[in-house]
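I'd like to ask you about the structure that follows.
A, B, C, D, E, F and G label the chains in the order they appear, each numbered from 1.
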Amino acid sequence: MSQFPDSTLAEQNLQMSKKSVLELRNVNIFYSDNQAVNDVSFNIRRNKITAIIGPSGCGKSTLLRSLNRMNDFVDGARVEGELIFGNENLYGKEVDAVEVRRRIGMVFQKPNPFPKSIYNNISWGPLINGFNGSTDELVERSLKQAALWEEVKDRLHESALNLSGGQQQRLCIARALAMEPEVLLMDEPCSALDPISTARIEDLLFELKSSYTIVIVTHNMQQAARISDYTAFMEMGDLIEFNVTKKIFTRPAMKRTEEYVTGRFG
Amino acid sequence: MSLHLQRDLEKLKKEILKLGTMVESAINNAIFALNNREMSYVDEVLRLEDHINEMEVKIEEDCLKILALHQPVAGDLRFIVVSLKVNNDLERMGDFAKNIAKRARELMQEEPISTLPEFVNELPNLVRTMVRNSLDALVKLDVGLAREVIAMDDKVDEINRAMYQEVTRVAKENPSKTEIAISLLSTSRYMERIGDLSTNIAEDVIFMVEGRVIRHDD
Amino acid sequence: SQQDESQESGATGAAALSGVVSLDGSSTVYPISEAVAEEFLAVAPRVRVTVGVSGTGGGFKKFLAQETDINDASRSIKDSEIEQATANGIDYLEIPVAYDGLSVVINSNNDWVDYLTMEELQLIWQPGSTVDSWDDIRPEWPSEPLRLYGPGTDSGTFDYFTETINGESGASRPDYTASEDDNVLVQGISGDEFALGFFGFAYYVENMDKLQVVPIDGGNGPIIPTETTINDGTYSPLSRPIFIYLNTASMARPEVNEFVNFYIDNAGVLASEVGYIALPDDLYQEAKDKISAL
Amino acid sequence: MPLTTEQESRHLEKRHRKARIFAIFCAAITWSSVLLLAVLLYQVSIEGFRWLDWQFISSFPSRFPERAGIKSALVGTIWLISLVALISIPVGVSTALYLEEFAGKGKISKIIEVNIANLAGVPSIVYGILGLAIFVRFFALERSLISGALTMSLLILPVIIIASREAIKTVPQGIRNAAYSLGATKWQTTWAHVLPASFPGIMTGVILALSRSIGETAPLIMIGAMTFVAFLPEGPMDSFTAMPIQIYNWVSRPQEEFHELAAAGIIVLLAVLLVMNATAIFIRNRTERRMK
Amino acid sequence: MAQEQYPDAALASQPAEPRAARSIKKSGVLWGEFAIKSWLASCSFISIVTTAAIVILLLSETLNFFESVSPREFFFGTTWTPLFEPSSFGVLPLVWGTLIVTIGAALIAIPTGLASAIYLSEYASDRMRSIIKPVLELLAGIPTVVYGYFALTFVTPVLRNVFPDIQVFNALSAAIVVGIMVLPMVATMSDNALRAVPVSLRQGAYALGATSYEVTTRVVVPAGLSGVMASFLLAISRAIGETMAVTLAAGQTPNMSLTMFESIQTMTSYIVQVSLGDTPSGGVAYQTLFAVATLLFAITLVINIISQMILNRFREVYE
Amino acid sequence: MSLHLQRDLEKLKKEILKLGTMVESAINNAIFALNNREMSYVDEVLRLEDHINEMEVKIEEDCLKILALHQPVAGDLRFIVVSLKVNNDLERMGDFAKNIAKRARELMQEEPISTLPEFVNELPNLVRTMVRNSLDALVKLDVGLAREVIAMDDKVDEINRAMYQEVTRVAKENPSKTEIAISLLSTSRYMERIGDLSTNIAEDVIFMVEGRVIRHDD
Amino acid sequence: MSQFPDSTLAEQNLQMSKKSVLELRNVNIFYSDNQAVNDVSFNIRRNKITAIIGPSGCGKSTLLRSLNRMNDFVDGARVEGELIFGNENLYGKEVDAVEVRRRIGMVFQKPNPFPKSIYNNISWGPLINGFNGSTDELVERSLKQAALWEEVKDRLHESALNLSGGQQQRLCIARALAMEPEVLLMDEPCSALDPISTARIEDLLFELKSSYTIVIVTHNMQQAARISDYTAFMEMGDLIEFNVTKKIFTRPAMKRTEEYVTGRFG
């Protein structure tokens, strides 16, 4: 069951619904008969970074993927409960999953640029979605937002695969930004990167949150601590605690959270 | 969790306790020296104070090491921060014990004057109890005990105020005793400060357990 | 989509002809048909003549499905094929175009065989034959293993040989080394001192340096196959005529008609060019008569 | 202190010797395979080189070896291979895409899978029988290039499908996820990313498959490709001949000269094969490099 | 702004709050997507149709065949003379011929192919490999007829120097050339499989103080076994189905000879013999073609199913 | 490095400085109140002291947050640990300023007595300088300045000792002035303690820059 | 150039050579013409954990691989200088690389168990090296040392690939231990693992150091901080600082080390 300790509610002290982009209400996710996520409810605040942490296999990625219906591609995955996004349930019958993914972007664990030029990596998504403005501008703007423009502006037409891992990951972020998504989902976006690249991307996320809402899954508690505003701690499919990040790392409300963040688990 | 961190935290805890024991014994010795005019106890306090200083530096370095090497969070982090502060407080208690011992040495040279019985018996007992209880609360993470310590502080303050009245009275009546009176007042103040520091420790324990800062709550 | 552009026949009109003439069938007859087609091209360059090789039987299948105009055949049409032709309402004409001599050959190192009689051949090849060493044929021949080579059971040559020697088409001992490809047999016999085999005359002619041919005594003394002995019939039992079969309905097309006439006119010369023996002239004339009678 | 004791070093020496012998053995085997190819090529070329000239390339078949050429067979083969490529590559790759990207992991795909693996082992002559029955007779396409190409396509489809599937499997899932998360549909994803990324692997399958079809004789004979064709096919409905048929025919002629012509034909066939493979390998390497 | 980027009729009238205004609801069925999926599905059904066609084609004639010949004779008879008089329909000699040629080819292609693969993936430099591999692939593209003649004119004469009493047509040289023919398949596919074995495994073994021989034979090959086995099976399938080279090299003598020095006949070579030969259609003799083809089809099917099972087993082990 | 950490560290630094400024002004006000018998200044000090307490809690929480969220090491870590201690020290300076202000309030009720000129002028100046310089040293990481602060402490102790002599003399001569004398002695002690705390800060600065603990070096 | 700040020398205060297992003296490593490691000298102490940290591409892995001649497999790699191991230069002409690798074990970034049974994974190395004692005992001992015995003792003959990532990595450690190496080299052994598995392995290393000498390359500075006794910091092929770990993370001697560990780089 999800747990909202009083202290959290007190601190938030705002009309959630106005500040929330996505609301999860009693979300259950199954793989065939196995339940991977149990009755999770929380809200994702606009222009904030929300981190999801928890031990391996606790359902972080499963939950994240449910937020833009990437679970549709997993055989046997089934989502129950409500995920409210702009007054609609993401899993409503009428809802077009392709449109959902356009509006809720995603960046993955391993940088996965298309084996095309940097330019095409960015312009492809908008183009297939009917973009007919100036792609040059779009590419420049997205790369600037992703703090990559200076490094690549002279080789936009070279293969994206020539970039370093950290640059590739920023390219993937730029690619997602080019779609102007409302929410950006990230599943361990730095775990394949060295610390310098990681620091760059963390700085970038910090910049981006003024215009985007970001949800990030991370194994790296320090990272969650460093960059997020809110943290959800999950264990075995349950949401144990959802709280302001500072709280989670200085005085979590739940004993299990404390045990996890201090490294006393298992 | 990392065994390494666990081990280091255990070690730190032990060191803090050891420091606490040293400080307690310095205070006891100082008070004994004061009440019983025992020079050897003064020396013992001065010797202890040196060790306390060394210990304090070591503990601070260890805290720094743990912070740098293990980057603890939540409860562990609070424990380290509290340790840093308790460490500081204990060292200052040591300082005060030294000061009391010094005053005791001065007073030994003079004729004793009669003073408040609370000062001779109750105050030292109170302070010793506070010190011991605050350390106990730290070890056992016993919030109740910590609150008791905090409550005791009022009594200490009261005795200290009474001492001030008494001492000024003595000095006025017998100006030749002014130095002794002031020295006695100082020892009383030192004990009151030790009580305050015990209160600090108790407050830190509450902070550590409950995560709430209460020291300016009153 | 071919159209008759000229109703005339004869050399002058041939050049104007167009359309398609398709031949298929025996690999034995193929060289002759190819040669004819090649020469025909010179007189009727716009007619597309195609010649395929799918064996006499395979050729008949297509012929009887009316996929080809002419079928090359190294044997006469069989009863089952005739039935099918009747069933499909196909009217055909058999035209012999050349002789192919069957040569019985031995390794060039073989110095004991002077000739073989038809009876000896039957002894050797009949079904259930127990002859497996040379001295089983004639006691004075060495007591060495006899190894037999012959065309695969599926060729016209085999059919003809078994019919002639054993009296029934396909009746043969099965334990001989078989190949559909006569060149392969040449390889085999020339490499095996104790070999005895048979195949088409043309292959012997091309490989005289590697093999010896065995004179056959068909009752009139041992005869060696040569152009003359085959042509005049003295190498009689083991020389066979080879044919083309034409679909008489196709003869209505001038280009087919022209081609068939051209074929018969030139078969004799071209057959000998490619290693076969021309028929006596009267047989060609007989064929021409049959055609014009259509 | 030495690194090893006496006994240990003796044991070690034995192991090193084994390793050396094994390496030499493997190298020797490989080089003898290459040598074998060289012997084969040598065998063929000493026989055939004499005949290999422009006349040979530009003439139709003839009963006179010195006049005979491979023109119609060469053109027929090029026609055939082009048609086969046109038919089999789209169909094969589509099948592979369907099985890898669109079909679920249900029974039907399993059946299709086993089916395809099985079709890879069906002898070519059976495809000939099939082609004759279906394309030549049932669909009345006659003994044309298109019948041959369709038959040959069926024959090589399994190879293309299997190789393409393997290639598609190696496309990292990450690329698909990236495209989906940009709001792409399945087909947009497949067309723009999966297909280009698996291209080099698909080309490998295509090379192997087309190589096989260029050398196949039996099914073509079966469906009735001609041997003597003295004209060039002008469309897919024309009759045709192909190089392996011409070679097979020459080889079974009694005259030694024709055997040599066959050898010359083999050289031409190998050259065509080489050009085709080289093109494919070139394209493969180029795309591979672009991907890297 | 977003609404300029993604023109949408419904959007143009609501410039104020484009994001909130845009619905994530479906706008209609994606016909293009559906059409493409249908096309792809129908392509994949071609294989089913092909198989069905083959089965129907073969079975109909085969059933006729079994009306005149008892299955008992066909499956257990040891004499195969359907075209002789008197005829006999025991298919075992053909099965035997196929078997020994296939086994012989496998015995040649598998060890040498594997050794070559090992050389290519473990020892050869990248440059060397980029030369040798296409050369080996060329071996795969040589017409099978050419291999047949290569057997007759080169392999057999060489063999004769070693075994003087070998026949001109013999199973051995057929097996050798078929082995050579499928060797590139084993070599290149196994090479791919071995190269797919992660470098980390090799490093792991080397770091334990292993020699290259030990690393290759005990770690790399077992780890790549699934792909290597796949190449073996494909090669065996190809060897079973091989036609022209076998026909030329092994002769056409259905024979259950135990040595490989004699001429034999394989099932495929019988099929060629009948289908390209003289046999008139309709008779029992012609139907044998279909009976043999059906049997061959059944055999390859069984081999394929078994090999799929084996492969799945191996896949589970090595992930 | 993470911009986030950089930002938080900057913020912390600013807060410490702000706290320092508040403490400095509390001390100045207290001394002004004492010397000029200005009641409004006493109130100002008491008001400031409240803010100082709030600020101290906030800074401690921020340090904890930075430790928990950014896990700093080396220089950054030392900065946080020093901040924790300086924070503590400043808060106690605030306490002493309050105490001085309270004594000032008491003394205002009484007739002033003449006392040492050093106490009236030099000591407050010294202490103020020490506070300001220690904070400057902290801001500029100026080890030289820090050492100067440490050196000044001797003078402060000396004046304080002189005050003790003077005060006992006054009390003996004029027992009715005993309370005032003791109060004056207390303010002198408070100033001395403020000087000590400045010395602590200076020592912390040296630790932060050089990574060496020097506080018990003497 | 290598730097031995005085403070370090003072602290170590021991006869280095007796306590050192491996001594690097002016080691230079080249890839063809590129120099990847410049004139590095330091000693690796017996029964201590030495960590090598530094930005990506600074030559950590290159240096580590040179310690057991795994560089032999890298085309064009060349090692100059002396690496003294038991009075011999590892790169001496007389030295057998196979034997070196037997004595100096290695564990890699990604767990790489052989696709064999757990039992065979462990016994293989010793067996090929002529071990003729009881393999049962050897397997048990090694697995116990690697703290894996309890978890796998009932399925020793199952495939090692069925183990979880963390278990696989401990198996790889057990496999290396079975060879009874003197030194254990590890190249980012936890970077592919989740935090729980990482913690297990860190604990394990801590146990192992009483009997082994361990050298570990890690990108994770916290990890280096947590587990190592000595830390070498490298940058662009140079050894910037070699020091007691506590020093590196509380008061490094070199400014560049400070900048790196506090995250102020680039």
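Everything below uses one rule, namely that contacts are C-beta pairs under 8 Å (C-beta built on N, C-alpha and C of every residue); 3 or more make two chains touch, one makes a residue touch a chain.
Just so you know, these numbers come straight off a predicted model, no measurement behind them.
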Where subunit B and subunit F overlap in contact partners, by chain label: A, G
Neighbouring chains shared between subunit D and subunit F, ordered by label: A, G
Between the pairs F-G and A-E, the one where more C-beta pairs touch: A-E
Rounded Å distance, subunit C centre to subunit E centre (Cα mean): 38
Subunit B and subunit D: spacing of chain centres that average the CA atoms, whole Å: 91
Whole-Å gap separating subunit E and subunit F, where each centre is the average of the chain's CA atoms: 90
Rounded Å distance between subunit D and subunit E, as computed from the means of their C-alpha atoms: 13
Residues of subunit A whose C-beta touches two or more other chains: 99-100, 103, 129, 199, 221-222, 225, 249-250, 263, 265
Set of subunit B residues in contact with two or more other chains: 1-2, 5, 61, 64, 68, 71, 73-74, 77-78
Shared interface positions of subunit C, touching two or more other chains: 54, 181
Chain-to-chain touches, reported pairwise for every pair that qualifies: A-B, A-D, A-E, A-F, A-G, B-F, B-G, C-D, C-E, D-E, D-G, E-G, F-G
Residue ranges of subunit D touching subunit C (in the complex, touch as defined): 60-63, 136-137, 142-143, 221-222, 224-231, 239, 245, 249, 251-256, 259
In the complex, subunit A residues that touch subunit E: 85-86, 88, 90, 92, 94-96, 99-100, 103, 126, 129-133, 138, 180, 182
Of subunit B, residues touching subunit A in the complex: 1-2, 5, 71-78, 211
Contact set on subunit A toward subunit F in their complex: 199, 202-203, 206, 222, 225-227, 245-246, 249-250
Sites on subunit B touched by subunit F in the complex: 53-54, 56-57, 60-61, 63-64, 67-68, 71, 73-74, 77-78, 81, 84-85, 88, 164, 167-168, 171-173, 175-176, 178-179, 182, 185, 213, 215-216
